[in-house]
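Down below are the structures I want you to see.
You will see two complexes here that share chain A, one where it goes with chain B and one where it goes with chain C.
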Partner chain A sequence: MKPFVFALKRQPDQRLDLAPLVPHLIAGKSAAEIAAIQLQTTREKLTAGDIFEIEHGDAQSIRFEGGSERFDNVGHGLKSGSIVVNGNAGKAIARFMSGGSVTVTGSVGPFAGSALSGGILEIEGDAGDFLGAPINGEMEGMSGGFIFVRGSAGERAGDRLRRGTIVIEGGAGDYPGSRMIAGTLIVLGSSGALPGYLMRRGTIVLARPPAIAPTFVDCGVHQLTFARVFARLLEPQSAGAAELLLRPLRRLAGDTAALGKGEVFFPA
Partner chain B sequence: MVEARIDGKPAGIDAAVKRAAEILGAARFPVIAGLGTDVAGARASIALAERLRGAYDHLGSKRIFADLDVLRQAGQFLTTPNEARLHADVLLFVGRDLTRVWPKLLERLAPAEKPELALEPTARKIIWIDAGAVPAELNGLPLVTLDAPDLRSALALVRARVAGKPVAASGEETKKFDEIAKILNEAKFGAAIWGGETIDQLAIEMLYGLLADLNKTTRFSGFPVGAGDNSAGVVLTSGWMTGFPIRTGFGRGYPEHDPWRFDAIRLIESGETDAALWVSSYSQSTPQWEKDIPLVALVAPKTKFGREPQVVIEVGCPGVDHDGAEFARDTGSIIARAASNSSGAPLASAIIARIAEQIDGAV
Partner chain C sequence: MPMICNGVRIDDSFAEAFPMQGTAIIITAPNAKWALQAAVTMTGFATSVIGCGAEAGIDRELPGEKTPDGRPGVRVLIFSMSGETLQAQLVNRVGQCVLTSPGSACFADLAGEERLQIGDNIRYFGDGWQVSKKFGDRHFWRVPVMDGEFLCEATTGLTKDAVGGGNLLIMGATWASTMRATEAAVEAMNGVEGAVLPFPGGAVRSGSKVGAKYKTMMASTNDAYCPTLRGAVKTSLDDDIGCVLEIVIDGLTERAVADAMRAGIAAIVKLGPQDGAVRIGAGNYGGKLGPFHFHLKDLLP
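Take a look at the complex of A and B:
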């Protein structure tokens, strides 16, 4: 079946909340019902029909033709199916997603993949700050699934990561993997200051590490069997991550200021 | 004589209020920023934001959220300066500009005095991390200072050594951190005081973790010196009015809190906001954004603007020109302050209420 297409008519002059445009919320609705869904975040009403040319299709496969950095909450709570954004997206794309896939050809704002618990989020451009992180007082960040960022990510990527894997093929801003509880963060480009600050458990692999904080202690150089298995898993999605994991890696344990059961690896 | 200007020309206050209401009422998504005002001013501002279906933010947001995000994501042990003065046998200061943020800090804590209500009052031990120039009040007192090149790493090292965990530092360095760790571990009732520009959100969370670790074997609490311009009072007022702190918006007719979306500077620079009300009655602060949008400013007298706002109305300072309720660091609560030099200068809250009256309340 052909995909369900939302083609952008014009750039919105306010931020839009696209949370209602996910497969499980539009399935079974008529074209007119979908066109009437309200997306505005200010007192000026804007419906899906005002913003998009809508082409009815398979609700399990949604395409946004043309994006905007004002598109917030794209793929919010996605359970299954796929969403493709041909363009940019705003804040909190794929937040609370538990299955399926979200792909963005452009760049996205902060809190991408926030509290993601399953499925795959792929960002071909850059991601903003707080990739996979919790929002406003929540206790946990991403708790499962995969995030692949082909460009760079901002500060505090993987903040409070609980489970799941994040691969950033470009660089990361300051504090990558801050407050990690578990899970894996891999950065193939350069990293900002103080990776793993306050991390309790979990794994950070950095191809080009900055100076590591003194509360990470050296555990020597390793070629771990698990890294080889993990490399095989990631190979189809990120050849660069697989290649990094196959190299001899120096392991530092920390953050000993917190629980200290986390680890930071980088090429020996 | 009340000072008001419209487009840079002297104007009567009625005309200025009317023009302000026109500008804000015509905006698609206005923001009320600055919010340097007392509890009444904050109440009026938030009510106006609701009527306009706009958003509001405070000029001290960065510092406010550095503490608030730790409080709501990790928790904090909090005490008051008075409690610290009466009980604390160890004072742990973190940050180099604490006494600039709160000039009366050391007067209130009286570090040279023995803690009156301690079980066995002894001379206080003092630690200052990232001290810079040590204030003269501490000369001759038992003081250990630590000027680390990186405050975040220094706090991590202190916390690791307090818990007896290994670190990757030289023997000499470790000795210094162990000396500090020993004082902290031996405290009967310690108090940490932090704030200023050099300590960021994660460093505060590290410091909180240190306090949590210390509380496994002893008592240790603390307080932030926070931001100025009644920031804590405005946050509390916002809390009881909307259930949320600052950076809350009413765009959809109900309060939504989003520290990223409702950052006033971001809203204005991105073009999402098309008019602003700036309130600063404690200081001559001016907006930090670059973009030229219609601006109504309720400000302290003689405030200098890089670009003249469409409407300026000078307002009095709470607790000086008029009575006001505001957050007091001394007691850690909201107090009533009588005017110290009562004048006829208008109250920001009264002007904001008059602007609101002229805006159609229908939503």
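Take a look at the complex of A and C:
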């Protein structure tokens, strides 16, 4: 079946809330009903039909032809099916996603994959700050699934990560894996200051680490079986991550300023 | 009347087998020697549920490309009569024999809705330093040990469709010729996936019957197949038989047991009566105890 296509007519002149355009909310609706869905975030009304040429298709497979950094909340709460954005997207893409896949060919804003609990989010460009992180007093960030960023990520990637795997193939900003509760964060480029700041548990693997905080304690160089298993499982989606995991890695346990049961690995 | 294949007499009989519960795991290590060592240790003293709690064996050795961590591995099958016993046996055996074996890791290798704990139980050995790692649907435990970490999958699948007690009785003129036939059969049967031969080297020489003259004995020697009693009891043996060996088969499916028996019969028949066995039979209890009947005539080469 052909995908459900939203082709961008013109760049929007305000931020848009695209949360309603997910498979489980558009399934069974007519083209006219979908065109009437309001997406504005200001007092100026803007409907899906105003912004997109809509081509009816399989609601489980949505394509946005043309993106914008003003496309907020794309794939919000996605449960199944796939969303592809051919272009950029704004804040909180795939927030609360629990299954299926979201792919962005461009770059995205902050809070991408925020509190994601399942499925795969792939960003071919860069991600903003707080990748996978919680918003406004929520206790947990991402709690399952996968995020792959082919470019770089901003500050505090994986903040309060609880479970799941994040791979950033480019660099990461300051405080990657801050306050991590558990889960796995892998950065193949350079990393900003203080990785794993106040992390409790979890695993951070950095190809090019900065100076690690003195609250992390050296546990020597190892080639651990779990890294071999993760390398094999990640290989289809990130050959770079697999290669990094197979190298002898120095293990630093921390952050001892918090619980101290986490770990930061980097090539020995 | 027995059927005759390549000069080997084949009884018009059947092996009577029972439902069991089973699972499969993969044990890996830095090299094949230590993977095999862990598997051999774990499947030791696991010949019969009567005295061992479980029946277990090595299904096959695996090259690195076929294991979850890329290291050489061994697939082990373990069976028991109930899920609870199987759970206890699995944890005891992995805990005492695999956790302890240098360099080892342990992975689930059977899909199934119902799960048995492995790492979920053994993790407590980590005394608080154990680390849980999830990847998609898979869940592993990392337990710090003196040579690094023991990696163990949290759970493995349980099958209730396993079959235990498939068997062949291999009868020959001498111990040497009967053993040649038995070894040829064991080698062929080891090639069948999803089935193991839990007895020493795959062979049993002390086949049993139900009951005994002594009240405390549940089972006792199968006198009808003892060559030294041939003239003294109601024997099942012919005049040209001086030795009987049995092969017992446990499989994850009825199909695996049948395939193993078929492979074993073919190997014995191929060897012929001069160098090998003169007759093949199968053990049963009249067909009333076990629901699975493997008729030899259906398994001929």
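Everything below uses one rule, namely that the second predicted complex is superposed on the first by the 268 of 268 C-alpha atoms of A that agree within 3 Å, B and C clash if a C-alpha of one lies under 4 Å from a C-alpha of the other, contacts with A are read in each partner's own complex, and residues count from 1 in each chain.
Going forward, a residue touches a chain if its C-beta (ideal position, glycine included) is under 8 Å from a C-beta of that chain, and two chains touch if they have at least 3 such contacts.
Predicted, not measured: the structure shown is a model, and the values here were computed from it.
K.L.:
Just to be sure I read the superposition right, which of the two partners does A:258 touch: chain B = first, chain C = second, or both, or neither?
P.N.:
Touch partner of A:258: chain B, not chain C.
K.L.:
Go through the superposed model and pick first if A:136 touches only chain B, second if only chain C, both, or neither.
P.N.:
A:136 contacts chain B only, not chain C.
K.L.:
Regarding the shared-chain residue A:239, is it in contact with chain B (first), chain C (second), both, or neither?
P.N.:
Touch partners of A:239: none, neither chain B nor chain C.
K.L.:
Could you tell me if A:268 is touching chain B, chain C, both of them or neither one (first, second, both, neither)?
P.N.:
Neither partner.
K.L.:
Counting residues of chain A touched by each partner, does chain B or chain C come out ahead?
P.N.:
B
K.L.:
Looking at A:214 after the superposition, I want to know if it touches chain B, chain C, both of them or none. Which is it: first, second, both, neither?
P.N.:
first
K.L.:
Is A:15 contacted by the first partner chain B, the second partner chain C, both or neither?
P.N.:
In the superposition, A:15 contacts chain B only.
K.L.:
Which residues of chain A are in contact with chain B in one complex and with chain C in the other?
P.N.:
The answer is that chain A has no such residue.
K.L.:
So in the complex, the part of chain A that touches chain B is made up of which residues?
P.N.:
13-15, 40-44, 70, 72, 91, 109-111, 134, 136-139, 160, 175, 178-179, 194, 197-198, 213-218, 252, 255-258, 260
K.L.:
List the residues on chain B that touch chain A in their complex, please.
P.N.:
28-29, 53, 69, 72-73, 152-153, 155-157, 159-160, 163, 165-169, 173, 202, 205-206, 209, 249, 251-253, 257-261, 271-272, 363
K.L.:
Which residues of chain A touch chain C in the complex?
P.N.:
Interface residues on the chain A side: 144, 146, 163-165, 182, 184, 201, 203, 222, 224-226, 228-233, 261, 263.
K.L.:
Please give the residue numbers of chain C that touch chain A in the complex, ascending.
P.N.:
Contacts found on chain C: 28, 68-71, 105, 129, 131-136, 138, 140, 142, 148-149, 151.
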